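Labels run A, B, C and D following the written order; every chain starts at residue 1.
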Amino acid sequence: MTVRVGILGATGAVGQRFIQLLDDHPTFELAALTASEESAGKSYREAAKWRVNTPIPDDVAEMTVAATTPDDVPDDVDLLFSSLPSGVAADVEPGFLDAGYVVSSNSSNDRMAPDVPLTIPEINPGHLDLIEIQREERGWDGALVKNPNCSTITMVPTLAALDEFGLESVQVSTLQAVSGAGYSGVTSMEIIDNAIPHIGGEEEKMETESRKLLGTFDGAELELHGMDVAASCNRIPTLDGHLENVFAETADDVSPEAAADAMRTYESADLPSSPAQLIHVFEDLERPQPRLDRERGEGMQISAGGLQETPSGLKYNCLAHNTIRGAAGASLLNGELLVEEGWV
Amino acid sequence: MTVRVGILGATGAVGQRFIQLLDDHPTFELAALTASEESAGKSYREAAKWRVNTPIPDDVAEMTVAATTPDDVPDDVDLLFSSLPSGVAADVEPGFLDAGYVVSSNSSNDRMAPDVPLTIPEINPGHLDLIEIQREERGWDGALVKNPNCSTITMVPTLAALDEFGLESVQVSTLQAVSGAGYSGVTSMEIIDNAIPHIGGEEEKMETESRKLLGTFDGAELELHGMDVAASCNRIPTLDGHLENVFAETADDVSPEAAADAMRTYESADLPSSPAQLIHVFEDLERPQPRLDRERGEGMQISAGGLQETPSGLKYNCLAHNTIRGAAGASLLNGELLVEEGWV
Amino acid sequence: MTVRVGILGATGAVGQRFIQLLDDHPTFELAALTASEESAGKSYREAAKWRVNTPIPDDVAEMTVAATTPDDVPDDVDLLFSSLPSGVAADVEPGFLDAGYVVSSNSSNDRMAPDVPLTIPEINPGHLDLIEIQREERGWDGALVKNPNCSTITMVPTLAALDEFGLESVQVSTLQAVSGAGYSGVTSMEIIDNAIPHIGGEEEKMETESRKLLGTFDGAELELHGMDVAASCNRIPTLDGHLENVFAETADDVSPEAAADAMRTYESADLPSSPAQLIHVFEDLERPQPRLDRERGEGMQISAGGLQETPSGLKYNCLAHNTIRGAAGASLLNGELLVEEGWV
Amino acid sequence: MTVRVGILGATGAVGQRFIQLLDDHPTFELAALTASEESAGKSYREAAKWRVNTPIPDDVAEMTVAATTPDDVPDDVDLLFSSLPSGVAADVEPGFLDAGYVVSSNSSNDRMAPDVPLTIPEINPGHLDLIEIQREERGWDGALVKNPNCSTITMVPTLAALDEFGLESVQVSTLQAVSGAGYSGVTSMEIIDNAIPHIGGEEEKMETESRKLLGTFDGAELELHGMDVAASCNRIPTLDGHLENVFAETADDVSPEAAADAMRTYESADLPSSPAQLIHVFEDLERPQPRLDRERGEGMQISAGGLQETPSGLKYNCLAHNTIRGAAGASLLNGELLVEEGWV
């Protein structure tokens, strides 16, 4: 079975990753690319400044870019991936949902809306059922699913694994790659021989999205997880791969070994882009490292390491590829889940 | 009054910083430079591969390097600064102390010894009185004072300022510059486009040294501070300046404003190399940044910023120049305190 | 004698360098700052995002920013430094010249105009006399002087020193710092772990400006130097300091030693911001290096090194600080020359 | 047909690349790994600090490392790849040749020896016949073939393509990646925010090896190519991929278009690891760039771009992956040629 998919915002950095990831996809067939008005009508090759380190697939290069409106997207497209800037997405996504499209969106708008599923397929697939409430309340024929922010998604699988011990408090520091800010988001003068201890909005995203992802949906309402989360977010001079230091406190005592086991055995999902093992745990205290480990599992696996006791709980490090697992790959996986669960 | 000083291990990275800092010193006169056997007898210019970004002072360049033994150091040298590798220092420092020298040492050996003062002059000058116990127990004529590790010293002044609210728990993540590992400590292949979530021994140093620095000395015994400290240490691709994210819990409630006030008004010391204000607090959440702020106060001021509430306390960031305030400048300041307090 | 000076385009990267360099200037007093319409009327502190590594001088921070039109600049300002983007400068500079201002401009427009002096004070001060022709032809009361591009100025002093041997051909490769493109000119995604073998317009600037700088002005017409110049320009991940590899052929044989002598003894100018020695020549083949040597002579000295024979001539390397000697410092020095020669 | 191969010096950076490249090789089967005495007897997993960004192949990880002597290498190994440090190689390689092994060596010793073929299979395969002279003169049963230095091999294919126009003079500047110096060859303190305008021995290698590679072998003696070559070599902060700026003069006039055609159509070799097209020529002046283009053709293709006229000839840029095409891949390809030509 082939599903025809489109990309809203196909020329940007995340859009290019979507194209790269869809290139050999077993069931998704790329059938529409949209971008801003000025790119509409051009071939993708002309419209996009291609910067990914594999060549543009030839057939994609020759596709004509459409404007980002429902009228310009073919009706037989079943599923749309959105990597629009959040301001644009907030304006444009509702039109596609009214028009009946299923949208798996990486944009940050509406992530915390009570009727929008914020989903990581391996963690909280059941939250998809929020779509029914969403349709009822908003009168949409389509469906909107969001994936979390790249810094959130790096940490949440490890927290999900630890939650069997009763998570109470999480403090996390991030060392984030420049690609997380988009191609032009961080200038070289800002970051060479430097680090920036603040990323606008990022700390709040980590603090709220993680509680929604681990929250409980009883069919009627989604209750946020009760843990406390405090985050400090830093930008550092790496290209790809967010590294995070987590300090966690749990209701039950948990040894580093038990925590590592819980992570290693946390079940992955049976979807085309899900890694065989969701979390790889290193013994070597010096791992994971962004450049060495971001490509694990085609960029879809989470890495963890450095599990050690602290006076009040555990500390450990985790890492994920921020533009694959943390952006395009996250939306793609949600798209696969939507198909699997029959929403597409 | 002029004090004649020497440097043990003068050719290394920290040794070069000592020379740079002593160049215009108001009371210290550089009178001896020691290095390994193979450098002994050479001029300093020949012996050292000078890598600091100011030229070698001409008179220092012409000085003859001595071997690192008490016999080779002139008797009229009053105070020695030690920047030897800790293994070498452990072997060599006792000989200088037996011979009656006062040694202000940056080397990590013996920092946690109960009779060795671990001192930041602005924080715990009274700990110097441990020297009397030290002399009694070890039979030394000289005196040994240590300064803390570069990652510890970056954080402790801010903790000292917060301790009026009753520090109970500290969790800290560091983003440390490559110079902290010495000139050849981190290869370019290890760190370009990367970060390393572990620095051997560093976490334990932060966890123990900070409790000694804020501990209480009653004239007989030094009691460690009772707070819990957990640290995660990371190396990132910056040259100089350690940036740290601190999460702190205190017995009394403290607002970010009150915390900032406590930091801003924490008293500095009246020593030649102490900054007028010990801690500069930024309002701008994006500061402090290593490249922009490490040189504040000639590299001797601590910077802080990003003070915000968390569910269980406070979070903030701090920064210091790791090879000035965190190494050579720290020993120098201890030397100035030793003179001020009459130990030299 | 105090000269009142202004800066056109004071909020940009080069504008900030002007302010830094003028802070302790012996004869220039900063009396006007201009920027775009939206900054006009604000205090400089509000208008500029200050990014230089020394604090904004307090008095400058409180100055009110004017619009970049002659009407908004006080009449008693004697000399203007221009660091406007070249497109803006081409529109705006003529108005200031009509209004009688003397303008020392770093902007690239009009550098090759036959009646505009393109000047490095230590190299071709006599070209200033083109101002008389300029005034005659353009009907200006003021005077316009340009300094060359940062990559040109790095190389030309060494070429001037070699020209006593009859320069015939020059081939040069540059390794240029990101600051040369302005604060936001090079994104971090473009340059981390990378290099870019092209900088728009740069090669042509080097190839033409160098021939004008070493050209001959007979009082009536400026004849370009007859040498051939070919340049390849590269951007690399350094912050400041352009490094260049030069291959030069001369009519007369010249040994590396004779070439080094010619460089070392090439006369500097007797102006406040001119270095005591114009060109420092290293024996060590590994020098000059951008980070270690860009600050020599307060960023105004040229460094050279690696002089060696080739089958057809000489090769060597040279380096200068691109935003000091290569931009703000270059204009400042031209301003000092204009005063010295009585044009202000 | 399967050829059993071994790697001398298998634990180093180039050794690891050999293992990576041999992992899926159609005809070579890895049968021996050697390293220093202290590694001998250990499993490869224990002996090597694996730093390549793909996991160690499981079967290789379990192989036992042998000492680097002919006695410890199984007799049924047909071909050895050598990535020993050149000093060690000079001592050790002759023993293997006496013992009858065919050795394809990346080590720099003996590259310019008149009876040792220095070979790039696509450029000068006929030089392999020097082996007969080598055997005669040295009494070896085996055969020794060398590949050129990484900086040489980046440039020589483009020169070979231009030689139909009669190469007379070449001046080249290199921007070389840190991996070219080995894993620990360049410290982070040396290269972050910096560049180093000298690499010991590198310039001479480029100047001599290129003339041997393009030289003529008449069956009795190898005559070096008559062109003049002058090189300036720089280290910059990139991980992999050497970028080079070439200025070339030819006897016949050649337009940039004709030069590009000559490069694009220069024939590749019909060997398993040879790319379909030897040289890819970019139209975009900003390419090739190390990070974007080093992986072309599995790291075995040469990239060129920026072809433009100069007053005396041509300028252009070229790029190759220095540890694949420039080291392990180069030796591998020579090994494939040795098999193809019947020497193994």
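Throughout what follows, a residue touches a chain if its C-beta (ideal position, glycine included) is under 8 Å from a C-beta of that chain, and two chains touch if they have at least 3 such contacts.
Which protein is which chain? UniProt says A, B, C, D = Aspartate-semialdehyde dehydrogenase.
Being a predicted model, the structure only gives us computed values, none of them experimental.
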item	value
Which listed pair, C-D, A-C or A-D, duplicates the contacts of A-B in over half of its pairs	C-D
C-D compared against B-C, more contacting pairs	C-D
Centre distance in Å when subunit B and subunit C are each reduced to the mean of their C-alpha atoms	41
Mean-CA-position distance for subunit D and subunit B (Å)	47
Contacts with 2+ other chains: residues of subunit B	51, 192-193, 237-239, 291-292
Chain-level touch network, classified as line, ring, star, complete or other	complete
List of subunit C residues in touch with subunit D within their complex	169, 171, 173, 175, 192-198, 228-230, 232, 234, 236-239, 243, 245, 247, 285-292, 305-306, 310-312, 315, 317
Complex interface listing, subunit C residues touching subunit B	51, 53, 192-193, 291-292, 295
Subunit D contact footprint on subunit B (complex, rising order)	13, 51, 178-179, 183-193, 237-239
